[in-house]
Amino acid sequence: MPTFTINGMTASVPDGTMILEAARQIGIEIPHYCYHPKLSIAGNCRMCLVEVEKFPKLQISCNTVVTEGMVVRTDTEKVRKAVTGVLELMLIHHPIDCPICDQAGECGLQNYYMKFGLHKSRYALEEKVHKKKVQDIGGQIVLDAERCILCSRCVRFLREVTGTCEMEFFSRSDHSEISIFPGRPLNNNYTGNLADICPVGALTNKDFRFKCRVWFLKSADSICPGCANGCNVMADFKGDILYRFRPRRNDAVNRTWLCDAGRLEYKKANDYRLLTPVIREAGQAIAAAWDAALFTTALRLREAIEAHGPESVAVIASPQSSNEELFLVRKLAAEVVRTPYLGFSSLTPGRRLEDDFLIKADKNPNSQGARLLGITEEGFVRTVKAISEGRIRALLVFGSGLADFSDGETVALLSRVPFVAQVATNEGALSRAAHAVLPSASFAERGGTFTNFAGRVQRFQPGFPPRGKAKNDIEVIAGLANQLGAGWKFAGEESVFRALAETARPFSGMSYESIGDLGREARDGGPPSGGR
Amino acid sequence: MSPLFDLAVAVARIAVFISFCLGLVVILTWVERKGAAYIQDRRGPNRARILGLTLGGIFHPLADAIKFLFKEDFIPDGAHRLFYQMAPMFALAPAIMTMAVIPFGPPVTIAGHQIPLQIADLNVGILYLFAISGMTVYGVVLAGWASNSKYPLLGGLRSSAQMLSYEVSMGLSVVGILMVFQSVQLSEIARGQGELLFGILPKWGVFVQPLGFILFLTALYAEANRTPFDLPEGESELVAGYHTEYGSFKFSMFMMAEYIHMVVGSAVLVTLFFGGWQFPYLADAGFAFPGGVSFAVPAWAVLSLRIGSFVVKTVFFCWVYVWVRWTIPRFRYDQVMRLGWKVMLPLALINIFVTGLVLLLIDKGI
Amino acid sequence: MAIRVVKVARPEKMSFGESVYLLEIVKGLGVTMRHFLRNMARQENIPTIEYPEVRRVMPARFRGCHRLMKRPGGAPRCVACYMCATACPAKCITIVAGESPDPKIEKYPVRFDIDMLRCVFCGQCVEACPVDAIRMDTGWYTMPENTREKLIYTIDMLLEK
């Protein structure tokens, strides 16, 4: 644990810590481009120069290990002059096309220019070396070689993280540029990260290209709903439209990366949304008020219970729901409806891609949460069997689809149930067949917790209020239960989670405070307590 | 002569005089707008055109008339239907009726029959005038009350208080004239002003009664609800005062009443104070200037000069109405009342007293 | 330039002549008559501008309706950088950016709408524009229209001005 002094402050850091990282830990920001905490150290941008006593020259702080008694200064005129000079060098051939650059607003060059530069260009625009702009290099990435500052983050990422090595430096001197090898575009599932790690606008995201200027965006800490890995993301939105996911650093889950498929998951919250409650009577879909829709649903459920007993009602939960919602669904099925038919399916239609890094075969964010709460996939199989045998008179489905059933299979199955109520965010064969559709809020419009494949409970935060007439699932489930005479008093996801932590053993002792921003492992093992 | 001839002459006189007044009204609306514009360095109405001719906007009264005729004739909810409709008539009718006693010229003799150029030469001329013009206030008050709206009501109340106050000063201010000319018959007063004062000055009311003239002029403006006494329709406080709720032809009737008031008021002013149809130094036979210079003028020329002089004088005072309107701002209400009761009334009484004293002294030959 | 306060001396009491008021009225009538006669005689000196036929020439720096500039080829000069929309205090500019079909141009505005009902004519958009694509030098106000939709100027309308 060497102790060192930086700008007059003394601190102790673990052995082998670089000055840049040590400074960051005590709140001193040292400018840098090529350094990335999750990549190897290249030390080629020269932005992180600091003055270290007894060293004759300035040192790059990203690759200088802190030693006992080291005295570092980052705020001297010498450092400032050096950093300004390095920045001017980088900007010599920069095209300054910020107006059309998607990086503008979160660009390292812009930020540091405002902080260190503010100089007039000494290099005429006509003399600048021009390189190829707008190159589609595959994956989700557009390359603009002109804007590149040759920090090599992308090269290192492809070498060290994906191991695919698609990009390399070409040419020399002024004409040096990064590119892919001819005819060999980016070919991995993590290309989107290149846009994130690129400190300038050289690598930008194709999907986000020209969609929105970043300063209009607000951000909510969220969890990618695309698979069971539960990657931490920032959901960027403007108004009630989501524009992109950016990975949020969580060393225990996704480090600072996000897969390409997960990056596009935000679209679920924008497109094909169910936005108003619908009651379908005699094949006629009628937009209904919430009160009427809940009343009708509860009435039909109660009729089925009274006429054919609680076994005639089934509830299918969704692994897209949060722990809190699943807890309420279980409570509804067990305590209010008292049906033995409760289950969920972690299956989804389409190819279930999987790798050994971030992508999991289970394409639901909360299958593990459902399992920990005692909702089983076996229950789903039993329920489907009961439906196909015609024993179910009323069905309450959560989620936008049924397991990996095709549209035809879904319709055929549901045609055997006289009344189907669905609580979901997106339309599909299920919402077109259901007799009552209760629209619920997307992951960006509500809060809660997901339990990832490893049993890590992580929070996702609401960004904006539900679109249209959609409602938070918790409100919908509680409203339905109260229509059936349950008398629940839940206000918001936190109160539900408190009840959940009290009754469900895997979650015992947890609270939103203890989960924090980065999540916490659920206590694994043992059958769930049941909560009866 | 036959009664039929009398009837024809009467109808002809009514037709001629009324059309003179109404014609003047039409022109006055244009004069008012154009005059206001020029006084305020604007151009004024100049858009209405017939066959590409605008003629300085002279067609605007016509356009106004057509517009008023074709606008929806509505009665607001909550208004008293009967009184609401009666009010404009009550405003217009007395204004037209006062015209009856104005002498437009000396009597003419046609076919051995003497015809006064006056619709009715009443021997109580001035009393009739005051009686009828006093009725105008009913139209305004009725309009204010029947509209069932607060601004018209306030306008009506202001109007009634103001008219009552100034009626008093107005009546007293002409008493001096009556004393000097010893008649209340307007034709007599007009004829009386043909004499000369001290042998050089025409014996016009304004010269024998200067204070009376100023008081009468002031009261006349107050009676006609013209600036600076247009409080009943003071738009800055009362939207449009008593005719706020009126539109279409009913509104135009109020406007016509106001302008007929101006015409008749000017005619009365001219008759009482500016020699009526008298042309200065023009006797029946011809001009007779002070100092013995005289020359004969044919009778028809004398007549037309006299009628012409009446018309010119009347038109001039109509213009003075407009002129004053765009010069003097509106009084505050308490100022109106103070002026009416505490200034004009005492001055009118003093005027009567002084006139009486002077007449007595002249009578005694001092 | 500091604001100069001018104290006008006013007599505390009116003189007798003024309090009688008559002479003052005659003076006032004189003033109005002078205006009347002067304007009658020399109508061309009346400052009124007869609007639809004659338009006031706006000062060179008057901020009027917006227009979008064109490149030599006729394409909009605008690169859809959203600087104007960002600077706009009234939030009246709506831009949808897109990839230009012209290979020489990268980003261009697919839509560029200005809601003239919201615009406060502050000129911030002109100040903000990095490529001098938007100007407010048409020298004219917003035309009156009978629907709100017509007052949302689209990119085609703005390019024509």
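A, B and C label the chains in the order they appear, each numbered from 1.
The criterion applied here is as follows: a contact is a pair of C-beta atoms (placed from the backbone, for glycine too) under 8 Å apart; a residue touches a chain by one contact, two chains touch by 3 or more.
The model shown is predicted, which means the values in this text are computed figures rather than measured ones.
**Student:** Viewed as a graph of touching chains, is the assembly arranged as a line, ring, star, complete set, or other?
**Tutor:** Shape of the chain contacts: a line, open at both ends.
**Student:** Weigh A-C against B-C on C-beta contact pairs and write down the one with more.
**Tutor:** Looking at A-C and B-C side by side, B-C shows more C-beta contacts.
**Student:** Quick one: report the Å distance separating subunit A from subunit B, using the average Cα coordinate of each chain.
**Tutor:** Computed from C-alpha means, the inter-chain centre distance equals 89 Å.
**Student:** Using CA atom averages as chain centres, what separation in Å is found between subunit B and subunit C?
**Tutor:** Computed from C-alpha means, the inter-chain centre distance equals 48 Å.
**Student:** Indicate the residues of subunit C shared as contacts by at least two other chains.
**Tutor:** none
**Student:** Which subunit B residues reach two or more other chains?
**Tutor:** none
**Student:** Can you name the residues of subunit C that touch subunit A in the complex?
**Tutor:** Against subunit A, subunit C makes touches at 79-83, 86, 97-99, 106-107, 130-131.
**Student:** Which of the residues in subunit C come into contact with subunit B in the complex?
**Tutor:** 22, 25, 28-29, 31-33, 35-36, 39-40, 43, 46-48, 50
**Student:** Looking at the complex, which residues from subunit B come into contact with subunit C?
**Tutor:** 35, 37-43, 46, 214, 323-324, 326-328
**Student:** Which of the residues in subunit A end up touching subunit C in this complex?
**Tutor:** Residues of subunit A touching subunit C: 97-100, 104, 133-134, 209-211, 213, 215-216.
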